[in-house]
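Alright, structures below, take your time with them.
Look at the two complexes coming up: chain A is in both, with chain B in one and chain C in the other.
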Partner chain A sequence: MLKALNIDPGKCTGCLQCELACSFENEGVFNPSKSRIKVFNFHDQGRFVPYTCTQCDEAWCMHACPVDAISLNKLTGAKEVNDNLCVGCKVCTIACPFGTVNYNSATGKVIKCDLCGGDPECAKACPTDAITYVDADWTGLDKMRKWASKTDAGQQAAH
Partner chain B sequence: MTYVIIGAGPAGVVAAETLAKTDPGSDIVLLGGEGDPPYSRMAIPYVLTGIIDHGGTHLRKTAGHYDALGITYRQGRAAGIDVKGRKVALEDGGAQAYDTLLIATGASPIKPPVPGLDRPGVHHCWTLDDCREIEKLAQKGAEVVLMGAGFIGCIILEALVERGVKLTVVEALDRMVPRMMNETAGTLIKDWCQAKGIKVHTSTKVTEVAEKDGRLAVVMDNGEAAAADLVVVAAGVKSNIGFIDGTGMKAEQGILVDEFLRTSVDGIYAAGDCAQGPDFGGGFNVHAIQPTSTEHGRFAALNMAGKVTPYKGSLQMNVLDTAGLISTSFGDWEGGKGTESAEALDRDRFKYLRLNFKDDVLVGALSLGRTDHMGVLRGLIQNRTPLGLWKARLMDDPHRIMEAYVAHAYA
Partner chain C sequence: MAWARRILRVNLTKGTCTHEPLNMDWAKRYLGQRGLATKYLTEEIDPKVDPLDPGNKLIMATGPLTGTCASTAGRYSVITKGALTGAIACSNSGGFFGNEMKNAGLDMIIFEGRATSPVYLFIDNDDCQLLDASGYWGTSVWDTEEGIKEAHGDPQIRVASIGVAGEKGVKFACVVNDMHRAAGRSGVGTVMGSKNLKAVAIRGTKGVSVDDMPAFLKAAAAGKAVLADNAVTGQGLPAYGTQVLMNVINETGALPTRNHRDIQFEGASKISAEAMAEPRESDGKPNLVRNAACFGCTIACGRVSTIDRTHYTVVDRPQYQKASGGLEYEAAWALGAATGVDDLDALTFANFICNEQGIDPISFGATVGAAMEMFEDGVITTKEAGGIDVKFGSAKALTDLAELCGRGEGFGAEIGLGSKLLCEKYGKPELSMSVKGQEFPAYDGRGIQGMGLTYATSNRGACHLRSYTVASEILGIPEKTDPLVTDGKAGLVKAFQDATAAVDSAGICVFTTFAWTLEDIAPQIDAACEGDWSVEALLATGERIWNLERQFNLAAGFTGKDDNLPPRLMKDAAKTGPAKGLTSGLDKMLPEYYQLRGWSKDGVPTNETVSRLEL
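After this line comes the complex of A and B, so read on.
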């Protein structure tokens, strides 16, 4: 069964271990600005919300890519960027309505969550289980997907 | 059932693949008008910069991709359509019979009525053949004049700069990227280019491309002239719809299609740059952009295969990298009557963000110098998300747009 990142913002303390683990695993540096998961701080509510790609079925990024540089990893369900094919045109960064594909000007390529090939470092680094990697069927991601699917864009893509 | 698709760009290829998936066992013929395998025009500038070779522009990279899906790729350009006999006449004299037809013929660059544009050394940057010519002429240190600083012009600009040419840009309107950027942003892009050593003439027209001492000489209406080894013409594009003459098919800027991507002629659909389809913002428009072409291709194919799927309309959006300065525009980026705008401008650092709202809903946006989470601008616009309390916060500080988005995604 496919697994997915399950994010429970209620458990997040804003420690940013996930961002450090992500940037170290993927970019080789401890630098939150290079992380593919981002913790948003709603300081007026004392709330932290980790946010990253849901590997959505619609795969807006993958379909928008003009050079076939984003593909589905059938084992993990992740949409993965192939750096050798990516030309850095950035169309996927505006096509993804969730804003989870970013352009990295240092490499001239786009970056997005690839679930670390099926062993996501953010989940392993999270000390409070705010981020877990669980069977896709019972993740809270459904909540976000539902939110997306009730929209015009989502209805279009659902077909 | 025989499906025929005229045009092997992104719209045509996605349609062919969608048909193969939705109606397995049907005959699918994909007609391509150029000598190269189906490729992406968008990727040509990256050939010029050396990031990819010509093969890197191909829309699909796997050998035998089309055969494996049962798609017949046939070379041929459409000359006309026999609507009654359900046949596409080809320029080479051949014909292709169809039951259901998709027109995905794309667009072509406009050649403005300027004397001298037929001279050797004057090229569009539209096809891989154009690319091959530009590669020969745009050598390091060569003098190049770029006519037109629109979206396509600016993408080419980036590639030419990277090749180390001495570049002069001539744009007829008062700023760069006038159809994607407002005065503030378009002027900042011009300033940025000039600071990088690119000569930019705005509100200036090329009146003639002459020949002098064996080189090209570009004459401008501001009294200036520029010698050139290469002139690249990027003065806009127009839909390729000439061959539908005589079919009675309704067309304006492009072939008019309804929410099912159907043209006014039975059994014929249209998609991509040649189609004037439902606009998310209302009415019918040609949105000659990559995301619209692939969406059109997919929806047209589903409807052609009998899976009735209405398309809610395309959203105008662009992302552009002009010599390292990245800009985006979405939806109603101009914002006019009935909209309220929030703006943040840091002229010295070339950073700009403008959000346009109708009531508490984002309807359009512009940005300069931002690359993180840009897609949420599309998400918020296309989902028509009511921003509630966040509207006032964004009016105060538009940079909080991603927070506003996340707050609603988890609401």
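After this line comes the complex of A and C, so read on.
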């Protein structure tokens, strides 16, 4: 079963444990500035929104790369950057409509979410289940279930 | 590792910024943050220095766990000689600033001297510059933070700054970071203002590591599981915040009301966590928007709130109609019960102003409560109060004074003296509900006897965070004791004081200790840091820190006579509730406390104690 990251901003408290886990997995140190997932704080509205690569099927970044450094991991569906091939041209960062591929000046390569090879650390670190790793074909299942439980509320009340 | 092993010394008089290696001998004996910065401060300043003299120093300090993935590990503290108290001051803050400082490779920033004109410190990893802050002087914390991010074109910069109150010498000014997280007490922001230092802005991207990573990851994960499984940290605090206490403490008969005249507030339920969740009439939305976490915190007790748009405080003022930091228990108590005001929106507004202009809501609210008592007694007149009827229960007086105090103007500037100086000024020193010049927080020492001893002996003046015996006496953590008796409280207070001093030096939040004991904390510190950090070592470190702070205060001119409570708590019996008829039994607890501490009858650490603790 192919899985995907599913983000529910309503559950996010803005603690950044996902950024800590992501940076540790990828950099070996705790460094949110190097995280592939970012939590945005819309302070005036009291909203926190985690945001990262959604692994597009027809990935703009992959198609744009002039040296074929971005490739599909068929097991996970992730578009992965091969550091040995990446020349740091940043064309993928322009091509990505969502801004989720970014340049790392410390290494001269781009960085993006690779789903940690199929076991994403951000999802494991999230204390509120705002980030989960679920069946890619059924990311809406929890929302459907929640609303499904209300469909016969009128009938229930009538009885 | 864990420690960045580097400090930044900023001489504001000379305009220099210099990196220095951290004194690792001291780090191994004082851990970090509160303990280690206190060691530096006490080595470097004259204890008798006026807090606002350039000879006083101000230290911002992270702990060894700050910036790691341990739960709540984003804390930093501001350590100085307090403007409100003249005693050792250490105010702890969450938010995200501490992590940014650690990621710039800094355990501490030591500020010394005084700049000739307003400046702010800008740190971009190893680059440190003092920049002109004249454009920000006279503006709020909120405008300063947004302005600096815009000026540098970097929204990821983290800022800690003072508001106008800190510039104008309001004695209980805070240093506020991330819009509404504050190093709140004892006037640390006042000291910052006296140095012409408006803000510290940091971008840090270096990364943080620890000594034994596999052991640390395991210990940190175990710690998080304990927090998640605990009813207080896993359910109560995320859902209700610290405000979960309002109705509990009121029913206990320990909610100081109208300047401690009463210890139960008839309006408590209207300003409680439950009230914050109640949909209001105007728009059907509750005051509480959601809970929010500080850096790395898996509890997330923070409140994000809005004010009813039809409320008098915000009509035609759209900047206050947005969501911002909501009421925590201490603020709700001080702005509400201490003043007799039960208007939740007025309290939320006053709290916004405290954040916006950097004033401590505890000392502010408690001082307004004292002013209200003097007003009712006819000691302060409407004319002296600048036309404000400073009556108990007046929401308008509260919110007007918050704005005036935030700007250091009119009668607000007099409130900004703090209750001790204000009450002395009007010839009523006995009406200041304070110890060592710092106002009581939200627990009455008659209804919770251990808190009386806590306040009397707290090194930074009256404070609940130095030994939160409420945990034991009311909540039964780690075990239940009777709040109405004095027996055993000396030992309880000492144990809490020592453990808390260690926690405050580690980079984590003291609220973890609703669930964590040192048995949960020690493995995390031990794995992260070089050296032996067993439970015993942490307790010894905590006791060493406590005595170091005590020695500083004694050298500053305090004596055992200052370990005291106002006559109201010692002589006026509680009128209602379970504690009815009781006064504080401080005189029974204090001698035993001195003995357990290894101090003389006058409250001075004996030579034996000093050498035992290797001070």
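Here are some notes:
The rule we apply is simple: the second predicted complex is superposed on the first by the 139 of 159 C-alpha atoms of A that agree within 3 Å, B and C clash if a C-alpha of one lies under 4 Å from a C-alpha of the other, contacts with A are read in each partner's own complex, and residues count from 1 in each chain.
As a working rule, a residue touches a chain if its C-beta (ideal position, glycine included) is under 8 Å from a C-beta of that chain, and two chains touch if they have at least 3 such contacts.
These numbers come from a predicted model, not from an experiment.
Of the two partner chains placed around the shared chain by superposition, chain C is the only one that A:27 touches, whereas chain B remains out of contact.
In the superposition on chain A, contact is made by A:17 with chain C only, not with chain B. In the superposition on chain A, A:67 makes contact with chain B only, not with chain C. Once the two complexes are overlaid on the shared chain, A:134 sits clear of chain B and of chain C alike. Chain A has more of its residues touched by B than by the other of chain B and chain C.
The residues of chain A shared by its contacts with chain B and with chain C come to none at all. Note for the complex: chain A touches chain C at residues 13-17, 20-21, 23-24, 27-34, 43-48, 125, 127-128.
Across the complex, chain B meets chain A through its residues 10, 14, 40, 42-43, 46, 51-52, 56-61, 280, 290-291, 294-295, 298-299, 302, 307, 309, 311-312, 317-319, 321, 324, 326, 328, 330, 371-379, 382-385, 402-403, 405-411.
Put simply, chain A touches chain B in their complex at residues 9, 38, 40, 42, 49, 51, 60, 63-64, 66-68, 85, 87-91, 93-105, 108, 143-144, 147-148, 151-156, 159.
Contacts from chain C toward chain A in the complex involve residues 67-69, 96, 99, 103, 156, 179, 204-209, 224, 228, 238, 289-298, 300, 304-306, 322-324.
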